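Structure provided below as structure tokens; questions to follow.
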Amino acid sequence: MRLEALRSAVLEANLELVRRGLILYTFGNASGIDREGGLVAIKPSGVPYEELKPADLVLTDLDGKIVEGALRPSSDLATHLLLYRAFPAIGGVVHTHSEFATSWAQAGREIPAYGTTHADYFYGPVPVTEELTDDEVGDDYVLNTGHAIVRRFARGAAPGATPIDPLAMPAVLVAGHAPFCWGSTPADAAHHAVVLEAVARMAYYTSTLNAACTGVAQHLLDRHYFRKHGASKTYGQES
Amino acid sequence: MRLEALRSAVLEANLELVRRGLILYTFGNASGIDREGGLVAIKPSGVPYEELKPADLVLTDLDGKIVEGALRPSSDLATHLLLYRAFPAIGGVVHTHSEFATSWAQAGREIPAYGTTHADYFYGPVPVTEELTDDEVGDDYVLNTGHAIVRRFARGAAPGATPIDPLAMPAVLVAGHAPFCWGSTPADAAHHAVVLEAVARMAYYTSTLNAACTGVAQHLLDRHYFRKHGASKTYGQES
Amino acid sequence: MRLEALRSAVLEANLELVRRGLILYTFGNASGIDREGGLVAIKPSGVPYEELKPADLVLTDLDGKIVEGALRPSSDLATHLLLYRAFPAIGGVVHTHSEFATSWAQAGREIPAYGTTHADYFYGPVPVTEELTDDEVGDDYVLNTGHAIVRRFARGAAPGATPIDPLAMPAVLVAGHAPFCWGSTPADAAHHAVVLEAVARMAYYTSTLNAACTGVAQHLLDRHYFRKHGASKTYGQES
Amino acid sequence: MRLEALRSAVLEANLELVRRGLILYTFGNASGIDREGGLVAIKPSGVPYEELKPADLVLTDLDGKIVEGALRPSSDLATHLLLYRAFPAIGGVVHTHSEFATSWAQAGREIPAYGTTHADYFYGPVPVTEELTDDEVGDDYVLNTGHAIVRRFARGAAPGATPIDPLAMPAVLVAGHAPFCWGSTPADAAHHAVVLEAVARMAYYTSTLNAACTGVAQHLLDRHYFRKHGASKTYGQES
């Protein structure tokens, strides 16, 4: 029963990516985790989204052993699993090749926090990983993509800084590749992927209009981020 | 009865923003005022547009006291209210994070009057506020956003100029944030937000094609603006 | 009966502009002429496209005297009429504020013939008018817009060149304003407006990718233009 | 019967281009070949896509002699046929004027392999032909376009390099014109045209964000290309 809900949530997250125009053909994938059972549900590899059924989702344990499902899991499975192991607070992971976020990743540039739309979701610049070395792009390439992300977060936003909190920064750009996003649930991860693309698009225009722009001040970043997150949030209908 | 018409008009203005592609998820909000009764109707905070019903709109007085409505008002309420108090001629206010207008706001650049599409609606460059100071981004942040707008209009288009007339310039860019627009009615405010986005998009392309472009001459600005506004207008079917 | 066909053709040309995404709200207008009767049918001013009926179109003679129709004609009527008087071979005129063509017009730059898509329709760079003087932007502003177009064509593509043939160049950019297009019929004029926008969009990207690009060679321009036009054309099913 | 399947496949490939937004009016065309019978099915010239029926497709032999069909074949037929003769392993050819790929072609720039989306499909930069000479743009212009493509592939990716393998690089940009794509089937060729446009769009943004970007390292190019191609591929459900 709990696994059925997980499958539904993961399917729905995958479909949300399609509805929002982030997906071309079969590019991209979303997964979710049942922390109690230690099971991950993920999109199968190369299956068209319009044909996806809950039963097509592949269930694996945190080591990638397939527990249920007749299809091969997404070829990015090892990255998802490492993120779940390294970031225990997250419940869903999304990978897309959405156009503007991917372009920043290809350019090897972090996305500056240019405005309040960004600050509402991402507490600081969206970081970009280092490029993988020759050795890393071998058999364990997909796993090493995950390691590059985790290393980037451990290193912090700037030299000497504290590690980046994955809940305050639910997105990363893999250099020369594309973004990964996450959240407390699969829906949350998909929501972050959609907002990241909008933020990346506006950041592209902003940097063209003003190459010297450094983005919002720290107090505005704080104000907006904590407006939507944490104990003192003032946005929405929850209290 | 009059309040019912206000609710309908405000709901319709919110939906127009969605139809025209200015809204992602729950970003943005529209409000309207009944000047006689001193009552403002505004979108509730964080409610999906597709579920919005007239009864969901929140009615407040000009000090923000909720008069009717079970939901929390938009988190931008205090900015709307200050605009209604400072600009007595306006009847509707709209706030969006539409992509190109927001990008100019993030870049901290006013939108030059590059052509007649602009001049038909905005009598001069669309102004941008100063960035808020640390102190201003505190408890009264939303209210201070309104103050920054009003100060910008009081200062005039250029040093030593007369104040900007909010009816001749129904839009502003809040630096590092996004645009606010207004008009004589909620529909009018939404219309201005849609046109502002189109004007901002074309201005982006124009400034890329010709970085030295200074925009239309004053006589062309006058000709187009007064073609659609004022006693001697020649556009449309009214006489 | 002949006028009924004219009305239908003009209505259809107006709707084609909407279907192709060239129109925001009521911006833009299409007209057609019955050369034998010397009558022009044009869109009324400021009427929403979705409500347009054949009977709403306004019929005028070539001096702008209204012959039939209860509504005011488009505020751009005088430009249309001058084009019909100056270019006797054309049968339809279209004016839009389509985004990329308008951006080139605002930038005051002609659109170079960067490729064969351009060359299939426009025999050389799409010319841009001079800016109107203070005096020209007076009561006869709309008429003077037409004069600026006609002068630009009389002057030729380059100093000392022969005049530009309006059938080989069915488009112009009015500086600081937007494009006008024409053709042998209203449908033809609308078709040219749609292709101009696509060509303007690709020219924008091309000039960003290669600022030094000068466009296709004369022999390629000839080859493509005459592939679709004139006695020896080889495109399509007509022979 | 076999020809009926070919017609269906070619029609479907043409329609896929329309569905994915690569086609304006009648621009572009797809073809397919029955290698055993030496027959090619191609879109007729200038016929609207929405009216295309399988019986409208034109069947020719590899010399362009029409074997079946009442309509004229696409004006680009001679390019398609030369590609089938020069590249024996391909089964479908597609030509479009899709906006970003065409803009790179107009700019005369190859599309660098900026990221893994590119590397999944195109093994290296997408090459651009030389411009045709005056002599080549004569009666045999369309054929000479094919020769320019074949010469470009024979020359290799860089001076002194081995020829480019058309199966590892299923796309080319014709300078000042637009892309041609191909694949093992008409569907495959159309798929490559769609992905090329996405890759060209992201490459445009990437080069704007980082003009010095040289693209992914060779090992990453290898890793991604061979992930989807060849004996050791790991993507999708086939094994």
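Per-chain numbering from 1; labels A, B, C and D assigned in written order.
Throughout what follows, a residue touches a chain if its C-beta (ideal position, glycine included) is under 8 Å from a C-beta of that chain, and two chains touch if they have at least 3 such contacts.
Keep in mind the model is a prediction, meaning the values are calculated, not measured.
Set against the Cα centre of subunit D, the chain with the most distant centre is B. Copies subunit C and subunit D of the same chain sequence form an interface built mainly from non-equivalent positions, shared numbers / all numbers used being under half. With centres set at the average Cα position, the gap from subunit B to subunit D is 47 Å.
Chain centres here are Cα averages; for subunit A and subunit D they lie 33 Å apart. Residues of subunit C found to touch two or more other chains are 208.
A complete list of chain pairs in contact reads A-B, A-D, B-C, C-D. Listed in rising order, the residues of subunit B touching subunit C in the complex are 114-117, 191, 194-195, 198, 201-203, 205-206, 208-210, 213, 215-217, 219-220, 222-223, 227, 234-237.
By the touch criterion stated above, subunit A contacts subunit D in their complex at residues 24-25, 27, 44-47, 71-72, 75, 97, 99-100, 102-109, 131-132, 134, 137, 141, 176-178, 204, 207-208.
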